[in-house]
Amino acid sequence: MDNFGWKVVRGVFVAVVVLGLCFLVLPLLVIVPLSFNAEPYFTFTEGMLRLDGEAYSLRWYRSILENPEWSKAIGNSFIIGVFATLVATVLGTLAALGLNNPRLPFRQAISALLISPMVTPVIIVAVGVFFFYSSMGLAQTHLGLILAHAMLGAPFVVITVTATLAGFDQTLMRAATSLGAGPLTAFTRIQLPLISPGVLTGALFAFIASFDEVVVVLFLGGVDQRTIPRQMWSGIREEISPTILAIATLLIVFAILLLLAVELLQRRNKLSAETSVK
Amino acid sequence: MKSKYLYKTSIALAMAVVWTTGTSAEETLTVVSFGGSYAKACVDGYHKSFEEETGIKIKLEDYNGGLAQVRAQVDAGAVHWDVLDTESAPLMIGCDEGVFEEVSDLELPPAPDGTPAADDFFDGMLFDCGVGTLVYATVMVYNSENVDGEPPSTVKDFFDLEKFPGRRGMRRSPSGNLAWALMADGVPSDRIYEELSTEKGLQRAFRKLDTIKEHVIWWETGAQAPQLLADGEVFMTTAWNGRIFNAQVLENQPFVIIWDGHIRDYGALAIVAGAPNLENAKKFLQHATSTRGMVGVANHISYAPVRHSGLPLVGKHATTGVDMKPHMPTFPANSKNFLWYDIEFWTDREDELIERFNSWLSR
Amino acid sequence: MTDKRSGVQRLIVPVGLVLPLIAFILVTFVIPLGSMVIQSVHDPEVAEVLPNTLNLLSEWDGTSVPSEEVFESMAQELVLSRESRTTGKVATRVNRIASGTRSVFGKTARRLERIETTELRSAMIDIDDRWKDVELWIAIREAGREYTVKHYLHAVDLERELDGGIHPVSEDQRIYNTLYLRTLFVSLAVTFFCFLIGYPIAYAIANVSDSMAKILLLIVLIPFWTSLLVRTTSWLVLLQNQGVVNDILVWLGLVNDSDRLALIHNMTGTLVAMTHVLLPFMILPLYAVMRAIPTDYMKAAASLGANPAQSFVRVYFPQSLPGISAGCLLVFILSLGYYITPALVGGTKGQLISNMIAYHIQSSLNWGLAAAISVILLTGVFICYFIFDKWVGVDKLRLS
């Protein structure tokens, strides 16, 4: 094939990539302007296309504030998310430290067990959780959802912290102990600060896993445990109003903030990995 | 002196105990209902007057119907609901399964003219585990904006794609649809269930549904039906009459109900087995199922009282002033041709027919 | 001494560290799954309510109406069941085997309380003549088995006939096998589409300048971090009849306003939305592998005279295979259990097996059947998981 032919192939390749990226991100971007629609429609009105100021309004954002169901859902999402994240992060970080220790027996099997909630379809987890937690009286309680979400989030912490530990220089610990520091001191003074970006990344993953989860909430949660995604679910199925789009826009902004936080942590992580090598 | 002091304090203590336990037992009641405009109608219809008259505070919760949540509570022995607003089929099944308290010996208030409750209620509205509160209808509706010329007026028209082309909205459930298919196929309403009980009749119903299957959009929640009609996604749809009333009166939608062949069912209140506030719940049932309570609801949403003394007392809509009587399913002009939802048939055959219906849908 | 102690200590520290999470996962995850497996085979309710009748029925010939003795015991136990409020539990279970018999039990139990007779057989048949049906009694005997595979039979469209043989259910009752196959098909299709769209994107990110790669990666990560419900909502908004895509098509004159395309509430909706939701799970593992492929090999191949296509197929592609298998298996496993997206955009033709599980948990309350379907699905997923572990290794999973 001649040079021109390769240019065509290259052009086609670039076009495919651009189209694919558009497919990924455009659907999300479409929601944002629509959430400012002054009319209760899900499509662009003529006024919106003319960029007429009157066609845009904040009414759907106001209706979030005015509706106590949404504020309750937002509260529930954060309460359940924060507590589930705390449990998942503490247990997950400890487990990752254990898994990192070469003397741990059955390492492969244990890591498979600890990660299994992540790869089990959530519908099946929800069924099992529904049967067992109901029989324990945990159905329709915040505690039940916190436990279930912590279980779903823990694998993310295990994975990210394990990955961070892989880049951690163990000689630092030995150096610390040889200088007379106890293992606990060495851990809190040397290891923890260095792996903390990894721990925080894992915590963010665990939080988003809980924040985004809806199937377990559907099966196990009652009216008092409605979270944002649960409220969106009934919003879509029952009375779909552009309020959903306003909430969706807020969630997109929130996701971008979390993503930036993770990026920053990664950068710090890299930095600390580099300093630990030095 | 010392003993007197002891005596006084112990009395004070006892009183404090009585007072605190008394108030904590008397004060609240958790009522669980379907939410939306219906729950609001109940709040205005009888919750407020109940709270005023008894001092008991009602905690209102929403659910989506069915028995799953209440069964989970009863099975785990962790009941925190007291009164459940429910429908006929879950009421019967739940009663047999023991998730509701028996209320057959509960004394219900007489009609305003003194007629005893037993005579005032419609036949079969007093159940072992619940008391009927309202009649609602599943009806066919069209949007008059989309009709030029003669409008549809019968069940047959719903199935007639030549005379009335356009998509149809139907509930994704066999219950009303099989009955309507037979009606449209010429079976008179009083022979529908007889026909549905035979394999031949069932096949006939599914064959009739086959003729419109490709043009049907299936809805699952009550709010979807008026939405489909308003958005122009369908030309006609089946829907619950209260939802359509709301769209007509509160949102000024030009919807028209076809009362021909509507399917009637009732709603009821039941007490969850092991309810934490059992005595309050009983008082609530007595209050809510009085003629006044039922009429109170009927003045907010188009669900009819199930007491004979009720319909004549139904007046104007509380906020818009629309005369409510012509919107009632039990209004004489609306009652020319209708079908009662057959509880025994559906509780017996529902599992099987839903599976068959799903199988039909997926083909 | 010191050596020995430190040897034990060396073991105690790592084990002590992993133990809390192991215990937590056992209680919150493994035991619940175990209780699900038990629920799928264990159904003691009928056996608890009708112990004596079932005992008598075990000697019954199964062809003629049972004896007065059986009726007597049934009557006794039905009246007792009314007191313990368990009649409905029996009725529900028998009704699932012999549809249309639920009301027999409640009705008979209620009337028996008021009847004073010793001729219970004729009395019960008087109350409801279905007591004459041998099928009803066979169904009772069947429902009385404490351990049962009936949910599994039901979950694969089979049933036990009266003669005890196992046959497929009649054609207009079949549903589950279709749904397993459809789930499999959708999962494979979604995996394929994700690969088709994801591979070029991952390749591009791995082979552009660092600053460009960061921007592209951000575009991939934003949807990854955005709530699943938000992404599903956006497809609803885009694809519905009066939605943005149809509006654009009408505006371009490609489609008539009166016959807008049905893009949602069908299989198309399910495939499009699921591909979108799962695409990042394909791109990220692919990118992780591709980033590590040294460019030297491609250059070497080119210097040896291979054209770009040849060097890509012979050199680059084989090296990216671990990423492909990781991405494909991840997407495939996740699609198998997808529930939310098909439920919201799938209509009736785009429903998957997970929707049936939810239906039996929330609406029909046939929890045994829901458990059996879940166990079947879980078995499928675990098989995939083991392949994944053997092929790629679970610890190779990276998230960022």
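Per-chain residue numbering starts at 1, and chain names A, B and C are given in the order in which the chains are listed.
By our rule, a residue touches a chain if its C-beta (ideal position, glycine included) is under 8 Å from a C-beta of that chain, and two chains touch if they have at least 3 such contacts.
Bear in mind the structure is a predicted one, so any value in this text is a computation, not a measurement.
Distances from each chain's CA mean to the overall CA mean are smallest for chain C. Here the largest set of C-beta contact pairs joins the chains A-C. In this assembly, B is the chain whose CA centroid lies farthest from the centroid of chain C.
With centres taken as mean Cα positions, chain B sits 40 Å from chain A. Centres computed as Cα averages put chain A at a distance of 23 Å from chain C. One finds 32 Å separating the Cα centroids of chain B and chain C.
Multi-chain contact residues of chain C (touching two or more other chains) are listed as 242, 361-362.
Residue positions of chain A with contacts to 2 or more other chains are 130, 135, 237, 240.
Residue ranges of chain B in contact with chain C, taken from their complex: 66-68, 71, 92-98, 128, 172, 206, 217-218, 231-233, 273, 344, 347-349, 351-352, 354-356, 358-362.
Partner chain A is touched in their complex by these residues of chain B: 32, 36, 61-64, 69, 72-73, 75-78, 80, 220-224, 227.
Contacts from chain C toward chain A in the complex involve residues 10-11, 13-22, 24-25, 28-36, 39, 197-198, 200-201, 203-204, 216, 218-223, 225-238, 240, 242-244, 247, 276, 279-280, 307-309, 333-334, 336-340, 344, 354, 357-358, 361-362, 367, 370-371, 374, 377-378, 381, 385, 388-389, 394-395, 397-400. Looking at the complex, you find that chain A touches chain C at residues 1, 6, 9, 13-14, 16-17, 20-21, 23-25, 27-28, 30-31, 34, 41-44, 87, 91-92, 94-95, 97-99, 101, 103-105, 108, 110-117, 119-125, 127-133, 135, 147-148, 150-151, 154, 156, 158-160, 162-163, 183, 201, 205, 208, 211-212, 214-215, 218-219, 228-229, 232-233, 236-237, 240, 244-245, 248, 251-252, 255-256, 258-259, 262, 266.
Only residues 84-89, 91-92, 95-96, 99-103, 105-106, 110, 172-175, 178-179, 182, 241-242, 265, 347-349, 351, 361-366 of chain C touch chain B when the two sit together in their complex.
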